[in-house]
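Shared chain: subunit A. Partners: subunit B in the first complex, subunit C in the second.
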Partner chain A sequence: MSGPLGDGSDHKRSDLDARSRSVIGCVRDRLEGPNTIGDSPAFWVGFAVAVAALAVYPFTTDPYTIIQSSRYLALSFLALSLCFIWGYAGVLSFGQVAFFGIAAYAFGIIGINLSSTVGVGVAVVGAVLAGTLSAALLGYFMFYGGVRETYVTIMTLVVTLVLNTFMAQTAGSEWAVGAAQLGGFNGMTDIPSLTVGVGETALVVEGVGLYYALLVALVAAYLGLRVLVNGQFGMTMVAVREDEARTTTFGYDVPFVKLVVFTIGGALAAVGGVFYASWGNYIDPSVFGIAFAALPVVWVSVGGRESLLGAIGATLAIERMRTGLSSGIGPIGSEWALVIVGGLLLCVILFLPAGVAPRLDDLTGELREKRAERSQSTATTEEPAE
Partner chain B sequence: MSTPRDINVRQKPAVAATGGATSTVLATKQLTKNFGGLTAVDSVDFSVKEGEVRCLIGPNGAGKSTLLELITGQLSPSEGEIYFDGTDLTEMDTHDRIDTGISVKFQSPHVYENLSVEENLQVPLQRTDRDAGKVSEETLDRIALSDEREEPASDLSHGEKQRLEIGMAVTLDPTLMLLDEPVAGMSVDETADVAALIRSLHDDGMTFLVVEHDMDFVRQISDRVTVLNQGEIFREGPIAEIEADEDVRRIYLGENA
Partner chain C sequence: MIAATAAPLTFSAYSLIALLFQFLNSFGFIVLATVGLAIIFGMMGVINLAHGEFILIGVYGTALPFHAGVPLPVAMVGGVVAATVFGVIVERAIVNRFYDRLLDSMVATWGLALVVSQLLLIVFGSSLDSISAPMGSVAYGPFSSSVYRSVFLPLVAVAVLAGLYVLFTRTEFGIKARATIEDPETARAMGIDTDRMYTITFAIGSALAGLTGALYAPALGSITPNRGSTFLVEAFVAVVVGGPSVIVGTLSAAGVLSVFNATGSFLFGTFIGQMLLLLVAVVALRALPNGISGYLDDWQQRRRVEE
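And then the complex of A and B:
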């Protein structure tokens, strides 16, 4: 299971080199394991290149595109959250957008009422807590109430749609929390942007700054989740996904495990919601709508349920495509965007049931094997010549 | 409190093993389970002593599996109590009962099909503070699956899956091991392997309660046999005595005396 760096058979390396290698080996041991694909040095090189490419992206394009890209990165948290609970613990939630939306509204309400740079910090913490605790509360009633499998999916969707209906009717001026007008169907406006620092010197995080903040946060969340799913807790999640009854008879408290997983998923979605609300300075009830609720399921299905990186990649690609379609390409108008996304989902379910990323991993694995075979056969033929 | 000498379930069993083979590890007291109008387990007073291999036999519908599920907590009793090592299990959740030192293996194989053999062992092992590498190695050796450690469990044969599952339950180092028909659907050779496995674990001091139909297998492993019929204890005693009993032969072994 440990990476090829762990064998340390090469005695020619200097001590320093060996030590730095062993540090890398140690880090890789924690990041790699049976529960993630992409455990090769080639993968990490590719990963570093991709992150670097995203980091230099703002220098190659216009500010508008960067603002659009920030939106995709914020939505990627939603994809990570669903991938984590569905792919690893087998809990298919149709309502991750609920915790995303609750955090977004909470950020707006707290941020508008405490209109100061300190207030934004409080709003971030408060909003993430609101999303996380909502997930914990719903999770508690579901998992300790014996709600399982498809019923979890239905229940989470119903909760989301109830929030949609509720928020859509908050149009009147009586629907305000302090200075924050909920705004009904038109949504809540004037939500503050994120800021760093306090008082006069505070820096507003927007535009390219927000893009980098999102990129750093997303990479951190991804690596953190990799450590989590490849550790003991990851094994526990997979055991619960594979066979709940058996896992119980090894002494695991299955409802509790699911509650923890669901709460972590809620926290991830909430972080995305905070970024999303501060990105657009705006949130409206369509965040709880069925069209938006379906998107995370599409991203994660297409990217691969058991691939955190696949889920992020699919989110970026599909959302980029949707933006392109909604501005209309040739005769294809914006109204076709969701139809095409739906068609993509059908194709993936039919032809790549595990998703794109696991299939890519299979293909590169086969390629590696073939290359290894070939190099082996050339090595044996060349040997006599030496 | 004196250690109960014989089957004595009127009293709470003595705490832990002080005197060896004579202390009771598991005791049920007037245990009853009704399913609607059907009484599957009827006022059963039953006990297992430390270090014995007890087999539970009886005709279909006698209540054997129900009794096992009451002990593991998958079913809750309509009436009565269950004590294990002096602890009252009656109101406990399944996962808490496991922590008191009970391990269970279901009738049909329930391994994690998509995980490797080694990972299958890792799931129960990571809950203990035992040396995972060492115990895993020993267990693989014991269940004769060392060469298959990297293989997904879905590639194993039926008999291998059953052995793996016993191995998984054993890694928890339980005081009492509950097995529900561990050799169902196995060949004669596979059955002998499982019997040898149980005997070797028994030699190490593990207590077993085994629900089983296969009388050849029962003969290979058991110290005492309990016969259940229509939810009640019908007979209890050494295997030879039970097999010679005319009433048992009539109700269970299907012979007309």
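And then the complex of A and C:
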């Protein structure tokens, strides 16, 4: 099959026996593989430190900043979803925000109509299903038609733009689902917050609570995706990305693989959408707008399309920067934020096509090699002396 | 985007005429919105996601001189020139690095689109004054149609397609350009400067986008930096439905789509018209994955094999 498959797995097998004795070794074996960057103990220590830092972050800052940070975490799901389908299966979608938005609107509609704590649970399930099924439906039409890759990208964008037009014209009172007004340009308000538990004892998840819920969910999604892409299905995905025709001759059902990948991507985006709607208690048609649709592509391109962690990191960094620009920190105003974001995308794709994270990985790899070479060369110079 | 003739549904001769004008209006719009994109896609495989911004440069290039007192036709030439120059710069600086990475070229041109539309906003403010449409309108029964949008622009659209047909089939440039698409390596071996062909093709595509912008500058209402996206849905859908062949694809897609769009818009309003476009595109994608022109090519080849 494809290049990455043969690379590391052989010598990995040999030290696998020793490692699989411990539980940690077993877990690491599932999480690591040729399809993800960062397999060293140093990486996992760094990862644990980063998660711990994000966990103690709320104690070091004010509530407003935490609420802002929750938003970045919710958007990270969107980045993960694009990274998964583009980076691992080669399907470039400009429409992940569509599934994000559909889920957000569905969560609002169900949550407002069933205004109870059970209702919120139903709304979460219903919204994620709505986002996932829309992705499956669109995916069916695209992949089973056998369309070329550029058409997939265009169609996802067209669907998003038409949804934008659709939601923007729902201002009238006739556009309501039960008690939920769609609200046109002004958006849908009074969307409930997430709750845990039932009835009187239910806990509303907001503020710091929402932050932690998002952090746990995001880490779980990241680790889950790592297991998935390094497993058998992940290998098939990468094979499809590298060479569709060859994968077909090996007997794989390529449209089906792509449909599954696209559906999982839709589900991830939908989860983000639910968090996003409950975070702001609000959603408006700009989630389907061209400016918002551009952001996932920017995050993933900058972070590195084949690095899940890079995509998350880039999301947090770029969104933090945008918040900074829009509140007027720095010498220039908020209107320059999009210019900077677009320019960043252009520069990365021109000069650093793989993105930042894979480049960093290459650099550390080179460094390690150089160090190993040096120790080797000192060893060889010492030899004759003996 | 397309002026809806909201009128009671009395099916008289008048409403048939109104429907015809609506069709012509849609047809002209779709052909002109698509043709610049289709040339660049058909000849080079590159989807220019900054297409809306190229059109926008045509709009601004027309509106700014016009508001400074230049007569409209001369101002329109300014719009075309602005878009062409911009296109050549973009091709030389960005697009030519991506001819073997099509998905990356889409990402790059999208980055460009964000920068351009935001810069237009920063430099020229949130809107320019609108330009009133020339040529007036004709009234018949309860309806009236703009002559400029429903008669003049569709004629220009047909003229543009005819011009492209002549350019690509009857001139030396056209033969070289088609040789370059068919087989770049052999073309290069025959002494054709393929790089130059790509630049010229991209310039033609940009010029046509600029022309579209110039022609629609008086028909847009207020001119704002997000106007570019009004052309995008129609252009993308037409390219998907039409397929890779520029003239056959654009013509057939515009014909089919404007029937649905015009009928939908005429009966239920512009919004339903646009939803119908999307629906047709999704179904076409499933049935004709290479578009109408791709299907015609297959059919021709099959017939040739049978003979």
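The rule we apply is simple: the second predicted complex is superposed on the first by the 349 of 386 C-alpha atoms of A that agree within 3 Å, B and C clash if a C-alpha of one lies under 4 Å from a C-alpha of the other, contacts with A are read in each partner's own complex, and residues count from 1 in each chain.
FYI, a residue touches a chain if its C-beta (ideal position, glycine included) is under 8 Å from a C-beta of that chain, and two chains touch if they have at least 3 such contacts.
Please read these numbers as outputs of a predicted model, since none were measured by experiment.
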Checklist entry - Just subunit B (first), just subunit C (second), both, or neither: which does A:L92 touch? => result second
Checklist entry - What is the contact status of A:V341 with respect to subunit B (first) and subunit C (second): first, second, both, or neither? => result second
Checklist entry - With the two structures laid over each other on chain A, which partner does A:G251 touch: subunit B (first), subunit C (second), both, or neither? => result first
Item to check | subunit B versus subunit C as contact partner of A:F185, first or second or both or neither | outcome: neither
Checklist entry - Given the touch rule stated above, what does A:Y144 touch, subunit B (first), subunit C (second), both, or neither? => result second
Checklist entry - subunit B or subunit C: which reaches more residues on subunit A? => result C
Checklist entry - Taking the superposition as given, does A:F166 touch the first partner, subunit B, the second, subunit C, both, or neither? => result second
Checklist outcome for this item: So the subunit A residues that subunit B and subunit C both touch are none
Checklist entry - In their complex, what parts of subunit A are in touch with subunit C? => result 90, 92, 94, 138, 141-142, 144-151, 153-155, 157-159, 161-162, 165-166, 169, 290-291, 294, 297-298, 301, 335-336, 338-339, 341-346, 349-350, 353
Checklist outcome for this item: Seen from subunit C, its contact residues with subunit A in the complex are 41, 45, 47, 49, 94, 97, 101-104, 106-108, 110-115, 118-119, 121-122, 226, 229, 232-233, 236-237, 239-240, 271, 274-275, 277-278, 281-283, 285-287, 289-290
Next on the checklist: Give the list of subunit B residues in touch with subunit A in this complex.
Outcome noted: 72, 74, 93-96, 98-99, 103-104, 106, 110-116, 119, 122-124, 126-127, 168-169, 172
Checklist entry - So in the complex, which bits of subunit A are touching subunit B? => result 34, 232, 235-236, 238-239, 242-243, 245-254
